[in-house]
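Labels run A, B, C, D and E following the written order; every chain starts at residue 1.
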Amino acid sequence: MSAAISPVRTDIREPQSKHPSKAQSIVIDGMSKSFGDRRVLSDIDLAIPAGQFVAIVGRSGCGKSTLLRLIAGLDQATAGKIIVGDRTVESLQPSTRLLFQDARLLPWQRVIGNVGIARHDGWRKAAAVALEDVGLADRANDWPAVLSGGQRQRVALARALVSDPGVLLLDEPFGALDALTRGEMHRLLERIWQEHGFTTVLITHDVSEALRLADRVIVLRDQGVALDVQVELPRSRRDIGDAATMTLRSRILAEV
Amino acid sequence: MSAAISPVRTDIREPQSKHPSKAQSIVIDGMSKSFGDRRVLSDIDLAIPAGQFVAIVGRSGCGKSTLLRLIAGLDQATAGKIIVGDRTVESLQPSTRLLFQDARLLPWQRVIGNVGIARHDGWRKAAAVALEDVGLADRANDWPAVLSGGQRQRVALARALVSDPGVLLLDEPFGALDALTRGEMHRLLERIWQEHGFTTVLITHDVSEALRLADRVIVLRDQGVALDVQVELPRSRRDIGDAATMTLRSRILAEV
Amino acid sequence: EDKTVRIGFQKYGTLILVKAQGLLEEKLEPQGYTIEWTEFPAGPQLLEAMNVGAVDFGTTGEAPPIFAQAAGAPLVYVGVEPPAPKAEAILVPEDSPLQTVADLKGKTVGLNKGSNVHYLLVKALEAAGLSYSDVEVAFLTPADGRAAFEKGALDAWVIWEPFLAAAEAATGARQLTDGTDIVENREYYLASRDFVDGDPAAVDAILEAIDEVDDWINENHSEVAEQFAPSVGMPAEILNVAVERRTYGVEPITPEIIAAQQAIADVFFELELIPTAISIADAAKEGES
Amino acid sequence: MLNRFRGGRSAVLRTLAPWALPLVLLIAWEIMARSGLIESRLLPAPSAVFAAFWESLWNGTLLTHTAISTERAFKGLLIGGGIGFVLGVLCGISRPAETMFDSSMQMLRNVPHLAIIPLVIMWFGIGEEAKIFLVAIGSAFPIYLNTFHGIRTVDSGLIEMARVYGLGRFALYWRVILPGAMPSILVGLRYALGIMWLTLIVAETISASSGIGYMTMNAREFLQTDIVVLGIIVYALLGKLADSATRALESKALAWHPAYQATERTTG
Amino acid sequence: MLNRFRGGRSAVLRTLAPWALPLVLLIAWEIMARSGLIESRLLPAPSAVFAAFWESLWNGTLLTHTAISTERAFKGLLIGGGIGFVLGVLCGISRPAETMFDSSMQMLRNVPHLAIIPLVIMWFGIGEEAKIFLVAIGSAFPIYLNTFHGIRTVDSGLIEMARVYGLGRFALYWRVILPGAMPSILVGLRYALGIMWLTLIVAETISASSGIGYMTMNAREFLQTDIVVLGIIVYALLGKLADSATRALESKALAWHPAYQATERTTG
């Protein structure tokens, strides 16, 4: 598991969650992915310890969503392997949850049903709480079709958060949200992550968002990892305007 | 056409485009919209002169998309009326184009076909140029299904830009793009707008984006217009860090 | 022991009266039989059922058993009705220029393929000095034939009772000829081989019952017509004509009858209606009634 | 209530409009029949058909025939639809099952019922079973084909989502695949309801003495055109009934579906 | 080429797999027939059917019958399918047209062909027209129903998009609505191809002396089970052929559609 290819690497750290949970580590080993002749990811090596919060940034079409799909087991790598927990990913992982880039709500289930879909007993209560959290408690009994874009995204977020993940993969979960709602969702995600300690991989286009939330930021470029840095700021980070962070920010932006 | 309700109003200005084009003015007069019992927009008055670039910001679910749909004639107002050019909007407007919040690409047309859909003669050339502009020239012959989220959004943008609009309505066209690509798209949109001078209404969650592009920023809140300010900065604006702009920015954020 | 007798009948014929009068039940039920009556739209369907063993006894015209026998169906001729040559005819529309069978040359004639009237046409043409290939034949079931005849799509239509009487009454159609002196046109009683071998007494009982009813019919034409009317769906007056055109009674299978039936089979073989030549005698139960 | 009252007139109009075309045809037909343009022997006037209808209604035969046919029809539909549905689901979700069965189904589907009657009699005799069997195979295929097609075209994004959220096999089918295939399955049901009656007329030629297929074919034999036409009209009305039932089902089961909501809104 | 060669064995397997079930049934049937479990009079052994097939192929009757039927079938399909398609498009895109026609179509759909033969003869006589007419109405309904349903369920978001981008009526139908309805229309075509043959067997009882429907029904009348079974098998093969044709069409016309791509990938 050498770091030969990725330009910057950190060593695997211990999980930092307070609750030793069902969080699982992710190890990516020499993994490549091509669609036909188009190579998207080349020989990626990455190790994400259980419970870590990783943000991934990168330009449009650089393979971020593809990477998440591979980790989730929705697609097969062309070469190399991915290990989640102690199992090589060959198909779907039982405790990996993925919030897709599009909301993917079931049109034939009401909002609350969509949120509760991954829960068995007590789903209604858990879903109601989650909807409350994302500010849509009053829309519980609407059809998804009548929601606005941002509302749909929040329903998907609520669904991801109540789904009791070991690994939570988030593909641009806040893209359609205004600054204020986005801030609220940041706090919500951070709180739930801290409570449950699942491993989190967040794709975002907003570097501030990455710095606000993540332990570690990874930049994807040219089919590989261009930058891999730790964010050593105390939580909860609200206003991140200090010089060190600004430098980090510029450095990340420069790599994208 | 009084401004009685909207908290802040500017007078109608002359179109500022260099090319007196087919751009049309938009006048919204005492317009309300409800879905069943849910009132979304209440008694809105707005006048947008032909050729103006207006940005609309507001919280998720506040009715921004609804407003655009009403202007486009895709939905009917519950009360009041909308006039585009010199015609009251009752159904679709012949030269109004709307970029939807979701990409809405035809799955059975290749990328280039999707872009050229609104053009008759010479569509292939125009579409190829537009694809080049959005950085997807090499994807012209792919099916939309294999594109990444941001690529899809850019195809939709290319389609909107070649569609020869009189009024162009953009519903979060850059939501899924990284900072760099976003910057490129900003420049592209500004250039095309300056060349053709169509009236533009842009919904965005990014206040900087609004300030970067728009002549005027409108904040929607509580079913009405909460703020309506001119942005008097010289184009092209790249780095907007001066004090006045920062104040404006905070003022807008405070109103959202 | 299964002592169920399954009888197939058609809407028009003696059996329906046997059923209505309950004669058979009277005769057989005391001996521990139960009777099951099943209606069939036509002879071929009835023999189809007999072929697979779903029916023990039934009645059809002269043609269907020839086909059934050619197909290897294990059936036995157990009885026959008297000849009824007047119960089938070649019809032309009222205002048709055709006057004799010989005029049919080159005309379109409708008939039900492989039925008694098919044989009638062959024989009638033969008698008029024409050959079968001198006419254009259109194969139509009785129902379709009537529609085509009325539409004017046919120059002539060969048909049997009670369709014959009905068509005459409704359209004023004219007969070029009926079967008199050309064909016999009999109706046969058939039973499956198993039934005949296993339960000859029951076969006899059925034939007896039919004979009794036939005698009664011969005396009570108009009443018979009344009784048929609802099931057939024709006015009693028309049915009365049909009933009057023949006599009734169960006769045994004699060598003459076998020969007549054999002649039909041979014609059908010549027409390539059946793939192999058959011997009627193999399937006949001679000399009893 | 108020709303209903206000919309009363146009609602009535909307309910009646679908009947406009049949009505116009009916009137034209009556006029042609009365004026002698159509010979009543060939095609009886609507009034004559109505008289036949009234009589057979009065003496109970129509109802008896219809009731008997309906029973056969629904028994067959239940069995055949059930089998078609199960096979459709099976082939829809499993490639091996598709490879195994689909080809055979597509071949069997094409075999005319009239042609297999001899075999059916052989297997089932001439009783009710044979008739029900024919209806069953008739209605199995549309349900099969549409279930299969519906399941195959369920948005794969939603299936991925469901799987990633750990839905078990059963929940996946029950909560995602079946609802997604439902619009198509209901179209299949529409077909099946039609085919069910069509097959019945064939089935009732085997050896029946009751049922509306028997009634019609019997009348056809003797060119009782009024009864034949009556039979045709009964079939048409049964078709309309089935259609309305499916529509009602659709607007219930597909309340979430914009296309069906729209239908609901404008038609009733 | 190389790829083909390498995948040769499993490709062959995949092509053969759908025939496994029919083959197994065939063998079981032959064994039962030979061992006397099935009386050959009732159901001839496959070898006997094959002999009949061989003979009728040899003397050309089978091909003649099939060719004549095929001509009738496709003429009818063209006319009926065309009408069904046009009406389906009309009702799909226009509410008034739907109100006007849909109800009537749903009623007519339910009328058995067997029942209307007398009427058809009166209208069209006993020539080819009558047969083609029957096939036409038979195949019109599935195309109608599926076109209608397909158009109604086209993603309304895409239609909105197209309208907002100023597509004219024609372009809207041609570039958005029809492609969107295509999967459903092709399912309709699949049905129609089946129904086409089914109707033909009824049509060919009208004064026919050729065609495979005639051949089969004639054999049935004369209890020639081997020919009946032969007819059934010909129908089944024609069904398979139609199915393969539709599949080919689907994989061409729906190349963009993930569900059909998947099919392509695994079956072809």
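By definition in this document, a contact is a pair of C-beta atoms (placed from the backbone, for glycine too) under 8 Å apart; a residue touches a chain by one contact, two chains touch by 3 or more.
All of these numbers come straight from a predicted model, not from anything done at the bench.
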Since chain A and chain B are copies that touch, is their contact same (over half of the numbers shared) or different (under half)?
same
Could you tell me which chain lies farthest from chain A when each chain's centre is the average position of its Cα atoms?
C
Taking the mean of the CA coordinates per chain, how far is chain C from chain D in Å?
38
Using CA atom averages as chain centres, what separation in Å is found between chain A and chain E?
50
Using mean CA coordinates as chain centres, what's the chain B-chain C distance in Å?
85
Where the centres are mean C-alpha positions, what is the separation of chain A from chain B, in Å?
30
For chain E, which residues are shared contacts with two or more other chains?
42, 117-119, 122, 220, 223, 225, 257-258
Shared-interface residues of chain B (touching two or more other chains) are 102
Flagged in chain C as touching 2+ other chains are 48, 52, 143, 146-147, 150-151
Mind listing each pair of touching chains for me?
A-B, A-D, B-E, C-D, C-E, D-E
Interface with chain B, chain A side, in the complex: residues 35, 57-61, 64-66, 101-102, 146-151, 153-154, 171-172, 175-182, 205-207, 253, 256
Chain A residues within the chain D interface of the complex:
72, 74, 92, 94-98, 100, 102, 104, 106-109, 117-118, 143, 145, 159, 163
So in the complex, which bits of chain C are touching chain D?
8, 11, 38-41, 45, 48-49, 52, 54-55, 142-143, 146-147, 150-151, 162-163, 166, 170-171, 232-234
In their shared complex, at which residues does chain D touch chain E?
14, 17-22, 42-43, 95, 99-104, 106-119, 122, 141-142, 145-146, 149, 152-153, 156, 183-184, 187, 190-191, 194, 197-198, 201-202, 205, 213, 216-217, 220, 223, 225, 228, 231-232, 235-240, 242-243, 257-259, 263, 266-267
Interface residues, chain D side, partner chain A - complex:
157-158, 160-167, 175-176, 179-180, 182, 254, 256-258
